[in-house]
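Labels for the chains are A, B, C and D, by order of writing; each one numbers its residues from 1.
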Amino acid sequence: MKKYSGFSLFKNALSYHENWQKLWRSPKPKDYYDVIVVGGGGHGLATAYYLAKVHGITKVAVIEKGYLGGGNTARNTTIIRSNYLWDEAAQLYELSLKLWEGLSQELNYNVMFSQRGVLNLGHNLQDMRDIERRVNANRLNGIDGEVVTPERVKEIAPLINISKDCRYPILGASWQPRGGTARHDAVAWGYARGADALGVDLIQETEVIGIRRKNGSVVGVETTQGFIGTRKVACVTAGNSGVVAAMAGLRLPVESRPLQALVSEPVKPCLDTVVMSNAVHGYISQSDKGDLVIGAGVDGYNGYGQRGSFHVIEHTLQAICELFPAFSRVRMNRQWGGVVDTCPDACPIISKTSVDGLYFNCGWGTGGFKATPGSGYVFADTVANDHPHPLAAAFNVDRFNTGALIDEHGAAGVAH
Amino acid sequence: MPNNITRETPLHYFHKLSSHASSAQSPEIFNGQVEFALVVKEAPLSSFLNLRGNGSDKGFCSAVAEVLGVTVPTEPGTYHSNKDSSIYWLGPDEWLLFSCIDASNLEAQLRKALSGHISIVDISGGQTLINLRGDPCALAILLKKSSVYDFAAWPDADINAGRCAQTTFAKATAVVTNKADGSYDLILRRSFADYIAKWLLDAGQEFGCRIEA
Amino acid sequence: MSQINRLNTGARTDSTSRINFTYNGKQMQGVAGDTLASALLANGVNVVGRSFKYSRPRGIVGHGAEEPNAIMQIGSGAATVPNLRATQVELYEGLESASVNGWPNVNFDLMSITGWFGRMMPPGFYYKTFMYPAKLWMTYEHFIRKAAGLGSAPVQDDPDSYDKLNQHCDVLVVGAGPAGLVAAREAARAGARVIIADEQSEFGGSLLASINSIDGQAATSWVDELVAELESFSNVQTLPRSTAFGYYDHNFLGILQRRTDHLGISADSGSRQRLHRVRAKRVILATGAFERPLVFAQNDIPGVMQASSVSTYINRYGVAPGNRMILFTTNDNAYQTAIDWHRAGRAVVAVVDSRSAPSGEIVGSGTGNGYSSNSRLRSD
Amino acid sequence: MLLIHCPHCREDREEEEYSYSGEAHIVRPLEPEALSDQEWGDYLFFRKNPKGIHHEMWYHAVGCRRYFYATRNTLSYEILETYKVGEQPQVSAQGAAQ
């Protein structure tokens, strides 16, 4: 892999940028791989990267039915934070945040991880009690966080309305300065380039249509390019996990729902942090391009349509205008939806399954993007060793039968 | 019951403001200068009963009809009424009774007349009925602002029968019905009445809207 | 500055009714019926913006929603609106407009020095650099952010109010050009509940800039008659200045109606904009077409304009945006523009047609106007 | 934005009047205490979640306040039928109109 730097930019400028190395190859699928990762989004590519990098397993294929990073990786609002309530979740997201902090250098690809801080607003006394409890829990886990006053919120985000005279007055917030955003496409492309350089085959426009088993063990996958043999299939198909599980005769405790987002026309910098509010159901940040990036809650019913209902974004924009009255004159530019698979406890599944050699990483609901590096890291470990990574153990799918749920509805940002 | 208690309707406060409005003491709420295209009027202190039973049971229907003098509407989304009382269809086995007959008296009569698997609940204290009347265009726009339901698709009401729908109204819910005179009745939860009255004043502001005592 | 490009012939403007406005602080005049774009062109304004990355100068190329360059900050204070297209802003007395990019101003932009380093900045260059030393990224980002964005969001609370109507209809017609108008009329005559919406200030679409006739009648008077008939139906709602922005499941559409923006005032009673949440039984999309820009080197410099837009500025607004014109085309339509330009008393230098032997009816009709129908430009 | 036919009100009503109540025709165990943890977890949490034809339960929350069933395509969002509790669907993933 040729390194990127200011010098390489200069050198390639001289040849009119016609000699850049391709970010990744487009190989023909081989007959057999040690591991097949189904799904070429951020999590899948990260899984493949860490399989090769940390565990030396390079005979890996990532099979993607569309193009790399074309699913939820390209459809989310890119918020990164680790201030979850329960130890299990907080530690997983904190591992992720630590990986984010060195990711551009690790991948030699600028993922534009911007630690501009994340505010979670509280609008009533119960919100504030929850915030205090969560911040205390975070600090016990070594995660940065503080409870801030409305005046401090106003300092961080000057256009916000902290008047008491509104429907959802701001009583305070939790503040995680290390949180922020990243450039979503770059994350997928950076992992893809890194994995490719380590020998991973990235196979696009190829759909897995069946999982072949023999005596309860995986022996390969059927694809639109034919059968490919393997003993380990790692499924990372957010939104479609239920569909892929059904190919192996499994059911999962997930339901697929549309989650919507929208962006405004680009405006000059006016919001330098991430603001989230569970109570009014909206979250907002401003991208480096100047767009206000706004997210909503999930739609109220199962669906695989990457669009969603109008009244959901209508409700979210009401919330945003309530928080930022000045933004009501800014016009929205684009709106879209992604399909997320939601778990009953708002926590993911990183797990072996009852089929030998079949692994699932799914159920991230509305909050998968922030976990991309950590998720890939612990899932790769789980697949490589056929044994849960210590940070993944609690996210076993068995918890829905044992009852050991990890209820993160409060910290998950929006309802799922 | 001590007899020095004054019963107040959910919108009595607005009535008081309304009377002040003519002397322009609160212009921020009432635009005293314009002609009012829309008028909101509350039917004070009426009786509301929630009735459940089997609408295909002839005995049940005739017993209710005997007490109220109004037949039970079994067609979804319709109501029947006479001078004193109305019966609104709420669901396949549920009706809302509105009447100017005293609620406890009415409930007693119904309990006497009805038997079997039925339910009668006096919900008078939790409801109020308001009438919206005015310029037909303004009225139509007011309803379009307030509800996702297509009221314009309703046929005109007769003097003792018409359409009704439980649906969204502003951010609350209401039973909305049309009347033979072209006006609409809204039956609201008491706790939403203040909010809805303010909503109506705001939504009707462009036409001139007042709340009549 | 005077209206040097103003003609006396605009079909939908009233040259006797002057309107004062400002552009980048300069006082200018337009006329009733103008858009901000037609008024700027009448005043001979060429450069209206700067490109996003290299700050190249940009001029007006279109006449409607397709305009990519003339993006303006309109108004000031709490009522300012960022990123409006000048081609869609109706002129009103006292309108304040400003280009969104360019420092110290749009005609002389210091940021254009980034153009000198253009070769260092291929698409996506930022993924390949700004990584070392790691702790400097937030500083780099600060400057990247500053360079981004177009207009500025207001910083004060919005003084206006907004409302919404839940609408139901049998037929929703989106677009009130010739196709949409006739569709709406037929549906209305059949007794259907009809809503017809168009993003422009008046109905007629392409016919507003047409000098042709329909059924032996001038196109614009045909439009006036049809609109009058539509408005006479009690089962028809006509919504001008209303943009359909989304088509959702089960025939649910969102339409945004701009009610007071063209008056330049805050509405003291009623709303500035109204959202129509329409549930339609049938939807007719009669949205017309945009001319597609031709691709050639330097096609983004000021002075390059779509042929249909040139005709629209002449015929609808009475503005000839320039003096001497070369037309580059791949089809017959541009010949109408040549005729319009000639009628406006301006010189057509050449028509460059990519076809070897154009032969349509309109192609011949321009000959004798001082240009030949298939002039070739020397490539040097 | 769905337009859903309520089989009780016998009218098409807006999505905003309804709330979704998940997969339909899940049989509640008659003796919950007799179930193993595995069976109880499966009953509570594990769902079909199909991409395509889905039988689901809806509640007409601000209308007649009754539950009913709908057969909906979760990809196209087309609603193929709605029917009352106690009735069986006419349309299924295996074949339409049995």
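Assume a contact is a pair of C-beta atoms (placed from the backbone, for glycine too) under 8 Å apart; a residue touches a chain by one contact, two chains touch by 3 or more.
Fair warning: this is a prediction, and the values are worked out from it, not measured in the lab.
A.B. asks: Kindly list the shared contact partners of subunit A and subunit D, in label order.
C.D. replies: C
A.B. asks: For which pair of chains is the number of C-beta contacts greatest?
C.D. replies: Among the chain pairs, A-C has the highest number of C-beta contacts.
A.B. asks: Find the geometric centre of each of subunit A and subunit C from their Cα atoms only, then give the gap between the two centres in Å, rounded to an integer.
C.D. replies: 39
A.B. asks: So the centre of each chain is just the mean of its C-alpha atoms; given that, what is the distance between subunit B and subunit D in Å?
C.D. replies: 33
A.B. asks: So the centre of each chain is just the mean of its C-alpha atoms; given that, what is the distance between subunit B and subunit C in Å?
C.D. replies: Computed from C-alpha means, the inter-chain centre distance equals 49 Å.
A.B. asks: Give the residues of subunit C that touch two or more other chains, as numbers and ranges in rising order.
C.D. replies: Only 166, 248-249, 252, 277, 279 qualify.
A.B. asks: Would you pick out the residues of subunit D that each touch at least 2 other chains?
C.D. replies: Answer for subunit D, listing residues that touch two or more other chains: 1-2, 14, 16, 77.
A.B. asks: What parts of subunit B, by residue number, touch at least two of the other chains?
C.D. replies: Residues 148-149.
A.B. asks: Sort out which chains touch which and give me every pair.
C.D. replies: A-C, A-D, B-C, B-D, C-D
A.B. asks: Touching subunit D in the complex: which residues of subunit C?
C.D. replies: Touching subunit D: residues 166, 248-252, 279 of subunit C.
A.B. asks: In their complex, what parts of subunit C are in touch with subunit B?
C.D. replies: Residues 163-168, 193, 269-271, 277, 279 of subunit C touch subunit B in their complex.
A.B. asks: Report the residues of subunit D in contact with subunit A in the complex, numbered from low to high.
C.D. replies: Touch list, subunit D to subunit A: 1-2, 15-16, 19-20, 22, 37-38, 40-42, 44-51, 54, 56, 74-77.
A.B. asks: Can you list the residues on subunit C that touch subunit A in the complex?
C.D. replies: Spelled out, the residues of subunit C in touch with subunit A are 78-83, 119-120, 122, 125-132, 134, 137-138, 141, 144-146, 148-158, 160, 162, 246, 248-249, 252, 254, 277.
A.B. asks: Which residues of subunit B touch subunit C in their complex?
C.D. replies: My answer: residues 31, 141, 144-145, 147-150, 152-153, 203, 205-206.
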